[in-house]
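What follows is a pair of complexes built around chain A, which joins chain B in one and chain C in the other.
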Partner chain A sequence: MNDFVLIRKNLFRKKLRAILMIVSILIAFAIFGVLAAFERAFNVGQEVAEADRLVIVNKINFTQPLPIAYFNRVRAFPGVREVTHANWFGGYYQDPKNVLIVFAVEPETYTQIIGSDVIIPRDMRQAFIRDRAGALVGEGMASRFGWKVGDHIPISSNIFSQKNGSHTWDMTIVGIFGKRKPQIDANVMLFQYDYFDETRSFGKDTIGWMVLRTTSPSINDQVAKGIDTMFANSSYETSTDTEKAFNKAFIAQLGNIALIVTLVVGAAFVTILMIVGNTMMMIVRERAREIGVLKTLGFSSARVLRLVLGETVLLAIVGGLPGLAVAAAVTLMLRRSLVQFVPGMTLNPSIILTGLGFMLVLGLATGLLPAINAWRLKIAVAMGRG
Partner chain B sequence: MRAYLLQIAAVTLINVKSIPQRFWLSLSTVVAIGLVVTVLLAFLAMAYGFQRTLAGTGATDVAIVLRGGSQAEVNSTVSRDQVRLIEDGPGIARGADRKPLVSAELYLVVDGVKRTTHTKANVPLRGMGPQGPAIRKAISLVAGRMFAPGSNEIVVGKGLIGEFEGFEPDSTVKFGTSTWTVVGVFAAGGSVFESEIWADLPVVQSLFNRNNYFQTVRAKLTSPATLGPLRDYVDNDPRLKLDVKSEADYFAEQASQTSDLIQKLGWPLAIAMALGALAGALNTMYSSVAARTVEIATLRAIGFGGTPAFIGTVVESLILAIIGGVIGALATYLVFDGFTTTTMGANFAQVVFSFKLNGGLIFQGVMLAVIVGFVGGVFPAIRAARLPIVAGLQS
Partner chain C sequence: MSESSLVRLVGVSKGFVKGQETISVFHDLDLAIPADDFVAVMGPSGSGKTTLLNLLGGIDRVDAGEIRVGGQRIDGLTESELARYRAGNVGFVFQFYNLMPMLTAAQNVELPLLLTKLGKAQRREHVETALKLVALADRAKHYPREMSGGQQQRVAIARAIVSDPKLLLCDEPTGDLDRATADEILSTLQILNRELAKTIVMVTHDPAAARFARRTLHLDKGRFVEKGLAA
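Our next item is the complex of A and B:
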């Protein structure tokens, strides 16, 4: 009989007690898994940001417009490999509550710059550049509404109006794009800036923001400062930042999600630390006599210590692994209902690895005191106990 | 009957007095339940605090007019002609000078720097007509004075100045190339207006290149009942493709979106944690029954019924749970009640709000603890009640 068999038999000697501890560990790890996936998805904008991409917005705030004339000036700026511009459309489909993420973009450059994030078939890209009222739709959005290439759809704006007073633009779906990276949000619609700008009733010749790629990430700072200096003291000053920093600042506006997640997961882990730790203390006290017997038989104190620690680590793993499995299932279920809010929620390998690390730490932490007690236990004292 | 009650009382007392023997295990149940209640109440206090800030903002006798389908002030556009037509609408209150109490407004988003993180965040800059402050309820200046018409002056809300840097009275603020002076700080009864910056409408229009551009119209009604006639008037005029809502309804809709979301996150988390704590409570109570096997069997042997053993165990569990629940509620109150923070509201700008607990929420938290305590006590209690006397005495 090797030590593992002994550990396993010890753990499940009182089945109900073991199951209850496993359930509480399982729940704590399920909470950890789901919240970690949620937080990861929330911050996905930082992860997918490309190192050589910069975002240029109006210095007053990113919701304020920039003149279209800036586009050519940035395009000619040294160190800029390519640049595109986009405009928030405030889209919805039929009912104002069916909010859609719709951007009016410069078709050729925009599809080029997002080419590293999404997969746009070449013919669809060409059709999008050609067709004035054409729209490119992400696969997530297309499947949500059952849209296919060739469909004519009316897309409304909660901000803009056409010159004829209508709030709705007719568009033709010329392509559906997929994602190149799993974390990307393919829940977006793109249509031509020219069509938008010529028909809208106000804001003509302005754009929302620009995205550019530098020739190398090492000159990001230099390019950003140069562009902001070029437009300083004009009536539209700019603020240029890396895509990553921009996305980070945007997410931070929603609140300190990381702190909330840490506090809740912390509370869940403290709970099991208390429950499992105290139960193990009790178990070692109950088994005092037995431990005395083991020591009499020649088990070293170190081996007894290992037995107790082995039991708590095994407990943490037996509870933790199904906990992560539950988290994976819950994440999959939440994925669809939260797609508008946090797209691309997944339990990725790094969360699982962190989880395994926590299992080890938890196992050792809950076993430490009881194991030391068992280690210290003198045979004479142990045998004297009931 | 009396004897029976005395039995119950006696056994319950024995149970309760034996808690110190399992001090650490009992404490872990108390802490586990306390943490569950703290997590639940923190989320509920967040949701309620946000809701209170927004719901406290709207008045029922103020109509807000937005572009049809625009949902939020930040999206809306209203033309000058439309503003004039609304001023002539029915049911609108008039001031002493017989002018309609109507304020056409511009709602722009500008950058502010948060005190806590020193990062930029969206804050609202509202350009309003001279009637603007008068139309809103409970507006008072806590420092300085109102902005003077035609000047680059701003007044800032009390909430905004608490959370954002650089808006102290007499300081100057730059939005792009325009420079503004902070001349006053206003309070608005803890409402969402306290998260805003206010300035004179024509100045904002001109410095932000938005001449003849308006976003919303607020109109003071002679009574809440005249909202209907005003809405009919707007609906019947083809030049007015606008939504008319009471300001109270407008903000209530916005409040429910965010606070529903917070509650939808908080409850499932708390319930999951409660299941974990339940496992802990069951563990503790089974241990309690196991530790007193001989004692329970002895009592049964001398004529005590099964019911007192059952009730005694349930009561012990409930006591631990209630202590945990009360500690959790107290901890939430001490740590989170009044804690001020900001989040992005429906208008794409930061809303400053404070966590707020109330009696109803505390009751929900303690009830969750009681449920955990009850379920965690019942099954061990059944075991205690059914304990075979002979086997119990032998163990």
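Our next item is the complex of A and C:
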């Protein structure tokens, strides 16, 4: 026997009580895991944002278009190394339920600029630039629908229509790209802007947004201000920001996900803290005599304190680890069903580490007061001998 | 007062504050208990028997005077020093056994050894020896709830002696047992005293129990009123 066995035996001496506490902690950590994975997936764009990339959108909001003529003016702006443009397509495959993230892009510059995020084989990139109806598909999307290079696929839009009234564009998959970083979303389809612009029934010669690289991140502010000043007082004023700020603002439109996660997890944890803390206080009171016996045998007050804290930390771990396992399973299920909304939703190592940290904090917090009570308990009082 | 005494109390005073009143339990109390002695302490309720055990066990502190056990002065020790003193020098046997219900007999007996530097195998060996001494080797894996009162008290005695302390302090060790079982427990204590040279101080209300001791001290209002050899 050792102190750990003593702690374990103490924890499980009243099985029903222990199980109820473990289940409540398990639920709290499952909620934490799922929400944290959700929040992380939403904010992944900020993590992968490149320091020298800026995004230009319409000043009103990013759903409003910009004239294609802006593209060349931005390209010529001092400090701009390269620029590209893209349009939101609002795509789906066969059934509106099969939502796809599809962008109509300028093929040469777009593939150049995203080259640091994704892996596009050279021959596939060339084919994409050459083929007017060609599409590049991320490996996640290709695998989801079983697509391969050479497949002809009809992609529909829930926003745009063609001049002939059809909502569907025929495309040929000319390449499948992978991701360079695990956080990158490979559930994206790209097709040529020219093909899109020439066939669509409205919005001709407009683009959704531009992405540019500056010659150095140190001139980001200067370039952004200069571009916005250049288009000030025009019909299409611009708002230029870093890619990270743009992604953050995009997510903020959906609400403050981090705050929601913090509040829900905080409420769950405070509730658990009170339940477990109160139960542990009762347990220490119930065990006063046994604590007195341990001290009589020569266990120091500090060791008794460690035993009580050890019990609450063990309780938090025994409840928390399966909680994270449940969160991992739920995240996996949600990942499949929410792939088009929050791709890349996963319980990554940093969430698990944070969870382990929370277990330690929860264990120490719930055990602190009972442990101090046990530490201060006089033997004579505990044994009813005072 | 002999210099070879295992336990020596010199001028010990102890009182308790109750409300605005201080109740004196001992005033200028002296006592010497030689090594290998088996002393029964008797007296009416409130006479100070339990307080005496608490002071000898380092559970309570004197207001004045000094207490030496095995030559070591314990009245000025800190809490952690007292914990070490108890772990190394004193074994306790209580009226209600006070075993840990979630531990087996062997694990209960092993508890004091967790405070030593003994390895797992050595601890197991000590536990087996202690349980054999109280004739409970075959009950090592039983939980307290699976044992009778007498067996539980024997486990408690094994726990008290497993770390080989010089002094055993027993507080009404047979107070919860029937006569026959009580006599078995007292015989065990007697064997520990006579064959293993354990010095035993036993508080009891029971004159029959006191007869197992070598001598009996009578406490009344914090003073020893009569001393006699019982065996």
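Note that the second predicted complex is superposed on the first by the 378 of 386 C-alpha atoms of A that agree within 3 Å, B and C clash if a C-alpha of one lies under 4 Å from a C-alpha of the other, contacts with A are read in each partner's own complex, and residues count from 1 in each chain.
In the analysis below, contacts are C-beta pairs under 8 Å (C-beta built on N, C-alpha and C of every residue); 3 or more make two chains touch, one makes a residue touch a chain.
Just so it is clear, the structure is predicted and the values come from calculations on it, not from any experiment.
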Chain B versus chain C as contact partner of A:9, first or second or both or neither | second
Tell me which partner A:296 touches in the superposition: chain B (first), chain C (second), both or neither.
-> second
Mind working out whether A:103 is in touch with chain B, chain C, both or neither, as first, second, both or neither?
-> neither
Residues of chain A touched, compared between chain B and chain C (which is higher) = B
With the two structures laid over each other on chain A, which partner does A:89 touch: chain B (first), chain C (second), both, or neither?
-> neither
After lining up the shared chain so the two structures overlap, which partner does A:177 touch, if you call chain B first and chain C second: first, second, both or neither?
-> neither
Figure out whether A:380 sits in contact with chain B (first) or chain C (second), or with both, or with neither.
-> second
Which chain A residues are contacted by chain C in one complex and by chain B in the other?
-> none
If you look only at chain A, which of its residues touch chain B in the complex?
-> 16-17, 20-21, 23-24, 27-28, 30-31, 35, 58-61, 63-64, 90, 92, 96, 156, 158-159, 161, 165, 167, 202, 233-237, 249, 252-256, 263-264, 267-268, 270-272, 274-275, 277-279, 281-282, 341
Chain B residues within the chain A interface of the complex = 22, 24-25, 27-29, 31-32, 35-36, 38-39, 42, 67-72, 74-75, 77, 108-111, 117, 119-122, 175-177, 208-209, 213, 241, 261, 269, 272-273, 275-277, 279-280, 282-283, 286-287, 341-344, 348, 350
So in the complex, which bits of chain C are touching chain A?
-> 16, 50, 54, 57, 59-60, 79-80, 83-88, 92, 94, 98, 100-103, 107, 110-112, 114-115, 123, 159, 171
Chain A to chain C touching residues, read off their complex = 1-3, 5-6, 9-10, 12-13, 289-290, 293-302, 379-380, 383, 385-386
